Every structure is written in C-alpha cells, then in structure tokens.
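As structure tokens, here come the structures.
The following pair of complexes shares a single chain, chain A, combined with chain B in the former and chain C in the latter.
Our next item is the complex of A and B:
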C-alpha cells in the first residue's frame, strides 16, 4: 500500500523531471497540503467528497504558485536555481502549515465505519482498495493522455527541446502550468489517500514519503512513468523485507543504500529507456 | 558579553563554517546535499575522540575535519561518477545513510543522542571559523580557485586547458566535506549534546541555501549568506516558524530576481574600481569588445 503512495509521488516528480528536467522538491509539500487540507476540511464538517475536492484544489493551486515562481522565472538560470527555489517552497509550505494548524500529529475520524470486506477469510480494507485502484487508473489515464492527446504531443516536444518546441508554435507558457497542475494533483491525491488510510497527518508528513518518492523515481528511472511505479513498489518491498530480515532500524540504510548503489552503477535507473515524453 | 549574544555569535560562526563547506563543492559545480552527513561524521568523531581519548577539544575538532575529509575521499570515487541532479541525489542518499548508521551505532548513543563532556566557548569557535575562512580565501587566491572556477564553467574547456578536472572535483568535494566536519565538531563541543536527527536533510539544504543566497562566484558570498540568514531572524525577533516562512519567501524572491546570489564577481570588481566604465548607451556597448562576464 505504501508502495502505491510512493509510486504516485514518484509519478508527480517524474513528470516534472521528464518534461522540464526540473527536480521539484516542493512536491512533498504538496503531498502534505493534500493530507492536511483533507483533515482540516473534514474537521470543519465538510462531507468526505468535498474534503477530497478541497484537498485536490489546494494542491493544484499551490503547485501553480510554485510554477510561477520557479520554472517560469528561471528558465535561463543555472540548473539548480529552480531546485533551490522549490526547496524553499517546501520549507514555506511546511512552516505555514505549522502556523495554521500547529505541529502536532492530527488524527482523522474513520470515514467509512466498518469498511472492511471479509471474503473467505481475507480482510480487505475498502479505502485501501479504492486508493490503489484510483492511483492505477489515474496513472494509466496519464500515460494514455501523454501518448494520444494534442497536449501530450506538446509536452513530449518540450521534453525533447523546449526551444524547438517554441519555434514549432507550442505555447510553453500554457502547457507547462498543466504539467505542474497534474503533478500537484497527483501529489495532493497521494496525500489524501495517505491521510484516509493511516488517519494521521502532520505538517512534516511529506518529508519521509517525499524522500522515498524521490528514491522510487530514481530506482525506476527518472522520467519514465511506469518505471517510477515499479520503483515505488520496489522501495516498498525492500522496506518490508529489510524490516523482516534485519529489523526496523535498518530500513533507511537498506533503502538509501540501494539508491546510492543504483545511482553509481546505473544512474539512469533500472527501467529508464527515455524521458516520459518519448516513451510514456 | 550576554549569554544571548554569545549564543548568536557562536551560531553565526558555526553556520559560516558550514557555509564554506558547502561553497567548495558548489564552486566546482557540485550540489552536495549530503553535507549534514559529513557534519555528523565530524561531530561524532570529534566527540568520541574528546570523550574517550580525552583529546583537547580543538585537536579533536581538527581530527573531525580529517575524518570527514577521508570519508569523502573514499566515497568520492563512486559518488563523483554521477553529475548534475544525479550527483545531488547521490550525496543526498549518502547523507541519509550516514544518519541512519549513526542512529544504529550504540557506541555513540544511537537514537538517544550523545553527550559531549568537553566544552568550548565563543573565542575558540570564532578563531577556528576565522582560520577556516582565511584558508578558503587563500586557497581561492591561488591557481586552485581559477581551476575550480574553470571546471565549474565548462569541464571540457577546462580539460583542454590542461586542468586535471577529476582531481579538482575530488579535491573540492573532500575539502568541502572536511570543512563541514569541522563545523560539526564545533557544534558538538559547544552545545554539549548531539543527536543524529539534527543532521538531517534540512540541515544540508539550509547550508546550500546560505551559499546560493550569498552567491558562488566569489569567496565572500558564503560569509554574507550565512551572516544574513543567521542575524536577520534575530533582528526580526519573530517566532521560529515565521522565521522559516520569511527565510523561504526571501529566498524565492531572491532566486527569481538575482539567481546568481547577492555578491557577484562583476559587481565586486566595479565596487573596487577594477572594472572598466560601462557605456551608457546600448549601441556603444555593442561596438566595444566584450568584458569577460562572471
């Protein structure tokens, strides 16, 4: 389950890497905004579908703000300048959330009372199942959209070369916000799914998941959507296995050790053949 | 001197040391997000040396730099194979691994933290910081500075000019890590207690931000960046969270308006009267031979 959340965060990251060559560090912040907004609007008495909508809206809006102040301004600057700005956005979001809502761990009410299906001795939690299905469906829709639509074609052109795309009449300033919009939505939705399943949120919840999402993206191969999903699942499995074999203390050593190994041996990741645009 | 003022100045000195630890790799074009890991190596090794072997704090701190630098030299071979964003991520993974290993090292307290018996005050810390800054400035006044800048600007051209690109990259990486180790040692011996959780990714990011804020083109940038962001919040007297918000917002605006940082080479030369006068009209400027930028 955690694997599919990592995968969604990794997809959000990989979109901006694949199309814009921009490692967007604000995505863990957007993940947190999704989770915290869902919690806050549920506490405010909104029905669950409105709360999810509000969370997605907040994530998408925040992502567009990030676009305005990072990528759009700094297209010509040194390569890590937007990276630094997006880190600053992560700090900004986290501490604004602390100011708004305090830094304690908040608990969500169980949304769906008795939401477990019992089928032949197997217990399946409905929120988990819905989350899993929704994330797979969304990722599938995304790859289809990248391959088939006019927008997807524009994105793939930008991924090849943004200057050429401009010459060919692709409206970069209209299309790039869409990338941010989609990745913001994915990150916020991952946050909502996390919040509904684990029923706990706090302003720094994005860091751990976000860092693991970055690892998942690298393991799978930057820019490849299906690669990030595989990476998310691999990271999830490695976590569970290292807890099983070595104990919970060694989880981080195992995960980041794997990451470092892959970066040094095969920096393009396990499954990377091309950028997201070229082979979604 | 009041305890408060001393506390602020100690923090300033430690941050300046950290900033120069981040400056060296950045000047060579490497974004090192594992600085906190090297700071942790320095903090824990110096604390161990002064606790167990009863070394005087300053000598233990010098060893902290040596240990962190040595570790950096060892890992440089695989890590520096990567470049750009991959390098940033590899160093990031490295920092996380160091933190996770220390959390599991019972000999230095593991997750419970590690108390440090020896204690040093502001004068010793300030003196160490001054020595570090002076050494970096001296280093950059030599051929090393020019070579590192060349590697940063264009590796291929630097290589063609006969610069051993690889050697300078490793040197910048290891020296920066050693300086971060010294910073960690200073931190450990003043605050008397260290825990692995302090040396997290946020610390690495903050260090990098100090440097980029000040600017990587000149050796004065990190000093200014660290000073501004240590002292400004104290002057503003805001709550800790608003400080971070202001810090982040200022950084975003600054990166948008002045992506090369507060201090740049051209600006400094103009200030010191070393630059040629700039023509007032664009047509004249176009006709003149170009002044090398940077």
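Our next item is the complex of A and C:
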C-alpha cells in the first residue's frame, strides 16, 4: 500500500525527469496539498467525493502555477534554476499550509465505518484496496497513453530531442503544462490516498514521502515509468517488513541501506531502459 | 510562394545571414549552395522560425510569417527535412511517420498516405513497428523525407539530404527529390554542399558566402560563372595553389 503511494510520487517525478529533464522538487509539496486539502474539505463538511475532487483540483492548479514560475518564464535560464525554484515552491507550499492550518498533526475521521473485509483470517481494509487499485489503474492508463496516443508520441519526441519536436510543429508550450498537470494530479492523488488510509496529515508530510519517491525513481532507473513503480513497491515492502522484523527505528536504515546496495550493483537502476531518451 | 526579403540573422556576435533575399515560385526547385558556415542552415532555421531573425521579412503564400511560431508555419505547409535527418530513435518507424502528421486531424487520409509511403519504401514497411534506430543512414533519410511528406508540405525544405550517404544512396535520394517535383509538383528548397548534383536538379540556384548571396540564377549560368570558382567550387584549387606556393618557398 505504502509502496503504491511511493510509486505514484515516483511516477510523477519520472514524468517530469523523462520528458523535461527536470527534477521537480515541488512534487512532495503537491502531495501535501492533496492530503491537506482533502482533510480541510472533510472538516469543512464536504462529502468524501467532493473532498477528493477539491484535493485533486488544488494539486493540479498548484502544479500549473509551478509550471509558470519554474518553466515558462524561466526559459533560457541555466539548467539548475528550475530545480532551485521548484525547491522554493516546496517550502512556500509547506509554510502556506502552516499559516492556513497550523503545523500540528491533524487526524481525519474514519470515512468508511467498519470498512474491513475479513476473508479467511486476512483483514483487508477497503480504502487501502481502493487506493491500490486506483493507483495501479492510473499508472497503467498513463503508460498506455504514452505508448499509444498522439500526445504520448509528442511527449516521447520532446523527451528524446525537443529541438526536433519543435521543427515537426509540436507546440511545446502547450504540451509542457500537460506534463505538469499529470504529475500534479498523480502527486495530489497519492496525498489523498495517504490521508484517507493513515488518517493523519500535516504540512511537512510530503518531505519523507518525496524522498522515498525520489529513491524509488532512482532505484527503478531514471526516466522509466515501470522502473519507478517497481522501485516504489520495493521500498514499500522493505519498509513494512523491516517494521515487522526489526522495529520502527530501523526502517530508514533498512530502506536506504538497500537503496545504496542496489545502486552499487546497478548504478543505472534496475530498469535503466527508459521510455524516454536513454536507451540501455 | 516563398519570398525572403533582406533577412538578417545574428547569433550573439556572429552575423550568420546578412541581407539575404530569395524567391521561390510554386512547383520550382531552388538550390541554396555554399560552403560550411556560409549561413545556409541559419537561413533555414530562420525560415522555419527556429531562430528569430533580427531584420528582414519572410513571406509564404503571400502572408508575412516573419513573427509566426514554428508550429503555425508547419501547419501552413512550410516543412523542413533537417540536416542529419533528426529521426526520433526511440519511436518506431510508424510513429516517426505519424510525428510528421502531428498537426493533422484527418486520420483516414494520414493512414492512406502512410500506406503510400510504405509502398514507395518497402524497407520501411517491413520494419514499421521496430524502433527507428534499426535503420541505416539512407533508410533514415527516406524516413525523414516520408515524415516530411506526411506534413502535407506546400514547400519542402531539405537541408543537406545527401550528407553522409554513399554516392549510390545519394543518387537514390536525389532521384526521389526529382520524382517528387516532377510527379507531384512539389515545391522544393534544396540546401546542398554537393553542388553538382544540386544544380542538376534545380531550376534556379543561389550561392551564399559568409551570409550573403554572391550569385543567383539558372544552373548553367552558375556553373559557367567564373566567380563561383572563387566563391565556392574553387576553394580546393585556391588551397592547392597556396600549398604549391608553400612547397615552392620550402624548396
């Protein structure tokens, strides 16, 4: 479950890296915006489906704002400038959230009373199952879209060589916001799923998950969508298992130790053959 | 159809195109010749809007397109088959052809035109679902031209289509360009370093040197014109002469 959340954040990051060659640090912020907006709307008395809608809308909108400031108006700036300004956005979002909602940990009410299925001694929580299925379905739809549609072809062309895309008449200015929109939606939805499952949100919730998302992307192989998913699931499973075997204090040691080990053996990541640019 | 008026292109301190004017009528093949660095590619980039000219005007089909973005020019039928083909290697051959038709919505016509291109180039048809990286240089050039055709060009600009190809493959490429012009009435702006082959194809030609047009007219005139020897063709002889002097002084 945790793995699929990491995977979604990693996919959001991957899309940005793969197509735009841009490590978008605002994505953990969008994750937080998704989670906190969901909490705030639920507290405000909105029904759950409206709260989810509001959270996605807020994430998408914030992502487009980031696009304007880190990308469109920064054209021609040096490569690291978008990186720095996206980091600024992460901090900006976090502190705006502190101002709006305070910095303490907030708890969400359980949405679905008694929403556990018991099957042969296994307890399956319905929100977890829904979250897992939704994230897998979305990622699958994304890869299908990249492979089959006109927009997907355009994105892959930009990813390989944006100059060629331009001379073929691709309107890069129209397509780049779409990349930001999709990655913003993925990050925000991951935040919503996190909020509904763990029922806890706070303004800095994105940082830890964002770090794991970046790790998932790197373990999987930069720029590869399927690699990010695999990376996210691996980190999620290792995390849950190390809590079980070694206790909560050892979680990060286990996760990042494994990360270092994988990178020593396969410096390019597990699935380096990417959808974009780089070929194995 | 195309009228370029006093075009100026600068990259920082480099003055790449200096007051170039040229015209091209519908159905014509016009060659732009010149040595490396004469400003040919800069001219093409400016015509397509990839580089902003700092002076002059470009008229296409009677409209001033000097400030248009590239995508609008492509939709209007001004198509470049770029130097080095610029095939998208991670896309399949079929997807590369579809990229040529990126701005088109008439899917049925696009599918029919792709089928035509496969008829013309069976090499491409056989591997349509393979990544374009499996193609040889000559096949990539055919794919680049096919991709250009799918954009429905009113004017096709070809930048060094024979570059890096064997003489035999160059011949095939030039034969294809000739057929496109003769059979489909395709208007073509051909930029080439292979002066001789380009002049065989072209109805008229311009010779660029250091960003300026130093000669223009019918191919026979240009071949006959002695100035061309100094401007371009004879650069080799000039060097030989210089080398000879060197040899003399050494002895």
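Here is the rule we use: the second predicted complex is superposed on the first by the 253 of 280 C-alpha atoms of A that agree within 3 Å, B and C clash if a C-alpha of one lies under 4 Å from a C-alpha of the other, contacts with A are read in each partner's own complex, and residues count from 1 in each chain.
Here is the rule we use: a residue touches a chain if its C-beta (ideal position, glycine included) is under 8 Å from a C-beta of that chain, and two chains touch if they have at least 3 such contacts.
Keep in mind that this is a model prediction, so the values were computed, not measured.
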| item | value |
| --- | --- |
| Partner, of chain C and chain B, that touches more residues belonging to chain A | B |
| Partner chain in contact with A:150 - chain B first, chain C second, else both or neither | second |
| Which of chain B and chain C A:170 touches, first, second, both or neither | second |
| Which of chain B and chain C A:140 touches, first, second, both or neither | neither |
| Which superposed partner A:161 touches (first chain B, second chain C, both, neither) | second |
| Touching partner for A:264 - first (chain B), second (chain C), both, neither | first |
| Touched partner set for A:253, first chain B, second chain C, both or neither | first |
| Common ground on chain A, meaning residues reached by chain C in one complex and by chain B in the other | none |
| Chain A-touching residues of chain C, taken from the complex the two chains share | 48, 50, 69-71, 73-75, 80, 82, 86, 88-91, 95, 98-100, 102-103, 133, 147, 151 |
| Chain A residues touching chain C - in the complex, by the definition given at the top | 150, 153-154, 156-157, 159-161, 163-164, 166-171, 275-277, 279 |
| Partner chain B, residues of chain A touching it in the complex | 17, 21, 23, 69-70, 73-74, 77-85, 87-89, 91-92, 94-96, 98-99, 207, 211, 214-215, 218, 222, 249-250, 252-253, 256-257, 259-260, 263-264, 267 |
| Residues of chain B that touch chain A when the two form their complex | 31, 78-79, 81-82, 84-86, 88-90, 92-94, 96-97, 99-101, 103-104, 201-202, 205, 208-209, 212, 241-242, 244-245, 247-249, 251-252, 255-256, 259-260 |
